[in-house]
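What follows is subunit A paired twice: with subunit B in the first complex and subunit C in the second.
So, the complex of A and B:
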């Protein structure tokens, strides 16, 4: 997030797009409720009807995968009415003229045709967002899990920059991170192109710095993303996979493809706390520990580094994950000698400018929001203060609308979209073992619009088959008009009705995120 | 009987709510939201309230396993660690560092992610490390 969770309740307008906040980030949703009480305008755009829509001032259900068109339409109106902030654009950004050109092609009635959102609503969204004193954008996987994921995010940045709704308190572009430590995994260099703090592996000075710090010679070649690793295994260039705390058999698109890759690999090492479907296919399974059995830190969605403290002893012979990695590294031939997670954090802050001032002692209390470059710095509540962007000036990108990678046809006439439900988390490895949560939502349910269900004679509780070009599963149906006609929705937490057997592996060309949110599907009643 | 509370951070979503884990004689028994946490200010969602339930589940993995004759079998830590390190070394020697790939994790700590990418980059010599941020 460019801004902080707390700021949300003081904004004048919140534009929520592609985030089912009350389900996936309930505590952040409470800030939106409070903002509403204080008089903020709430805009909700989501292909499904969501709870937050009930308190929205404008609620729209755009067609799946049409976010770029919708955002361009909103920006078209803003330009047209002169609601943009020319001084901000001139002073702090570049590239706006090219965007202006593209926007000409997105008048509200044309956008309305693509997105299914009325021209009136498009104008209303533009007005609320652009003319409020402080407006904030909140988004989640509904924006990113598309072949156009990067385009979607850039479009949101365009919108925020052209209206000057960034770099001030209570504004910003605020992605809500789905998993607890996605932010931290990225910050720590769990990405193929960067070391900690987003220092690129291709920059010679950075490489030299890390070579000196680590006493090893390092590669300057950008590594593989997860989908590329899977293809690499199939083509024979990748032989070994070391999987720490992940369950790609359930979380990744096209499960059959993942299964083939895991079976084809010469060595699969899985380090986890449960015997997940992925662990079942491993050659070595190393029992790590849960958050309750370890010390360390997580970095939350507002960049706040928070302490994790050990409450109970590791179960059985399970060991701390850092010790397992350290022992393997040492036995492999690269010795490591840390005596605690705190010692590791000392090293992290010494090589990572944005974590430079972070120590365990300073994290007592509220934690610290990076960038926190030194011991005197009190952390950073919101980024790009006064329009100071990381790269100097904020860059506009002209973005054209592109249709999703897979579209409906005669054989696969419905759209399938996937997501989370409030009681479960990710692949369900943890939440489905909690009795109270399993009572709330014990099984996968496919949401179907009554009109579509009627045509096929499907009633709530009936078993149905869902088929895509990649696979077929059976699941129970539930009729609801919260989902639009010709779209069906199901959560992905349930391995026995695994939505990712069906989903598309088509990737965004830049960030390689798979298009989990849209594919074409056939629905049949189980006879 | 020893009753203990430990202030820590929720492992589920990116909000990062703070709470106290309650334990009695080393068994987790409950969760109490932290009133002073800047994120949740005394509140939790249903996942947070029930977070203690999965930790000490009987299905937890408690012993290292190595596949022998097609079956995953319990082995000592020494055997599992040696097996892993030897295999990785052999694969690196035969097929080069880029034949090994790592999944970091959005579910483990910063320190653990740091160490895994350090092992991948400095130990093995590859930038093949990624995680499920996109998923």
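So, the complex of A and C:
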């Protein structure tokens, strides 16, 4: 998030797109409720009706995968009415003229045809967002999990920059991170192309710095993303997979393909706290520890590094994850000898500019938000203050709308989108083992619009088959008008009715995120 | 404040009147419930942010039920404010705790907290010190009562719309001791929905607060959606008081609805 979570309470307008916030980030939803209470305008754009929409000032249901068109339409209106902030654009950005050209192609009437959102609503969103004193954007996987994921995010950045709704308190662009520490995992270089703090492996000075710090020679080549690893196994270029706290047999698209890859690998190691469907296919399982069994830090969605303290001893044969990694590295010939998570944090702050001022002593209490470059720095509440962007000037990208990789046809006439439900988390490794949560939602349910269900004689509680080009599953149907006609929705938490057997592996060309949010599907009643 | 409590608890422990004292202690900067079993530990006893609602208030009575179940022969002390003491009395009438096995050590709340809670009795019968805040007017209830019925209904529906079904209101409630809970039963209220069925989810809980809710306000403080649950349950308590002249925690009598 460019903002802090608390700032959302004091915003005049919040534009929520592709985030079912009450289900997936309920504590952030609280801030949106409070903003509403204080009179802020709430805009909700999501292909499904969502709870937050019930309190929204504008609620629209755009067609799946049409976010770029919708955002361009909103920006077209902003240009047209002169609601953009030319001063901000001139002083702090570059490339706006090219965007202006592209926006000409997106008048509200045309956008309305693509997105299914009325021209009036497009104008209203443009007005509320652009003309409020402080507006903030909240987005999540509904924006990113598309073949146009990067385009979608860039479009949101365009919108924020052209209206000057970034770089001031309570204005910004806020991707909501799911896991308590997914931000931390990325900060630590858990991505193919970067070291800690997003320092690129391709930059020679960065490479030299880490070579000196670690006393080893390092590669300057960008590594593989998860989908590339899976296809690498199939083509023979990848021999072994070491999977930590991840369950691709449930979370990754096209499960049949993932299964083939895991079975084809010469060695699969899984480190987790439970025996997951992925661990079932492993040659070696290493028991790690849960949050309650370890010391360390989590970095949350607002870039806040927080201490976590061990409450109970590791269960059974489980060991601290850092100790397992340290031992394996040592046995491979690169000796590591940290004596505690704190020792590791000392190294992190010595090689990571944005963590430079972070020490365990300073993390007592409320923690620190990066960037925190030195011991005197009190951390950063919001990013890009005064329009100072990381690269200097904010870069505009002209973006044209592209249809999803797979579209409906005669054989697969419905759209399928996937997501989460409030009672479960991701692949259910933890939440489906919690009795209270499992009682709340014990099984997968397919949401079907009554009009589509009626044509096939499907009623709530009926079993149905869903088939795509990748696979076929059986699931129980529930009729609801919260989903639009010709779209069906199902959560992906449930391995026995695994939505990802169906989903598409088509990737965003830049960041390689799979298009989990859109594919074409056939629906039949189980006879 | 905490010095007087420590003196009192030290007496109780050293004389053998109690096996342990359930209070709050500070640990690595966090305040939480703790069972003190010897005098030496009392250094870490605290009353938390005594003057405000917030992170340092816990349903100690609820913890005490678990401890009492495990050690039914022993007597335990427990830190109580006015609301907690009402909770003890109500729990005695519901046979969830044995009054002969509990020794309450009372503290009175300051006026600012009493005002924030709109508390009718912000002090227990006996306190370790004498200063007592005054009972407060029930402004939150009367302001909603003043609305036209349609507006009142709209207000509550708007509030219930925000519910993320975390069950925090139930889980923190010192009076929620049922083994099976109606609001979590799919036969009565559909599970798996967000927001939960309106208004039946919240009204079922409100009705179940009859003869129970002692107006501690922990539900209100736990609610991540800021739903003014306390105001709702205060109103329920007012109705029962008017119709049956009964307010839980102010008497040793059983709830009039116990016989139904």
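The working rule: the second predicted complex is superposed on the first by the 527 of 527 C-alpha atoms of A that agree within 3 Å, B and C clash if a C-alpha of one lies under 4 Å from a C-alpha of the other, contacts with A are read in each partner's own complex, and residues count from 1 in each chain.
Everything that follows uses one rule, which is that a residue touches a chain if its C-beta (ideal position, glycine included) is under 8 Å from a C-beta of that chain, and two chains touch if they have at least 3 such contacts.
All of these numbers come straight from a predicted model, not from anything done at the bench.
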Partner chain in contact with A:30 - subunit B first, subunit C second, else both or neither: both
Touching partner for A:309 - first (subunit B), second (subunit C), both, neither: both
Subunit B versus subunit C as contact partner of A:395, first or second or both or neither: neither
Which superposed partner A:299 touches (first subunit B, second subunit C, both, neither): first
Contacts of A:54 with subunit B and subunit C, given as first, second, both or neither: second
Touching partner for A:234 - first (subunit B), second (subunit C), both, neither: neither
Residues of subunit A touched, compared between subunit B and subunit C (which is higher): B
First, second, both or neither for A:264, with subunit B first and subunit C second: neither
First, second, both or neither for A:363, with subunit B first and subunit C second: neither
Subunit C-contacting residues of subunit A that also contact subunit B: 26-27, 30, 309, 365, 422-423, 436, 440
Interface residues, subunit B side, partner subunit A - complex: 4, 6-18, 21, 23, 26-28, 36-40, 43-47, 49-57, 59-67, 72, 77, 80-89, 91, 94-95, 97-135
Parts of subunit A lying in touch with subunit C, wherever the complex brings them together: 22-23, 26-27, 29-30, 33-34, 37, 51, 54-55, 309, 364-365, 421-423, 436, 439-441, 445
Partner subunit A, residues of subunit C touching it in the complex: 28-29, 158, 161-162, 164-167, 184, 186, 191-192, 194-195, 224-226
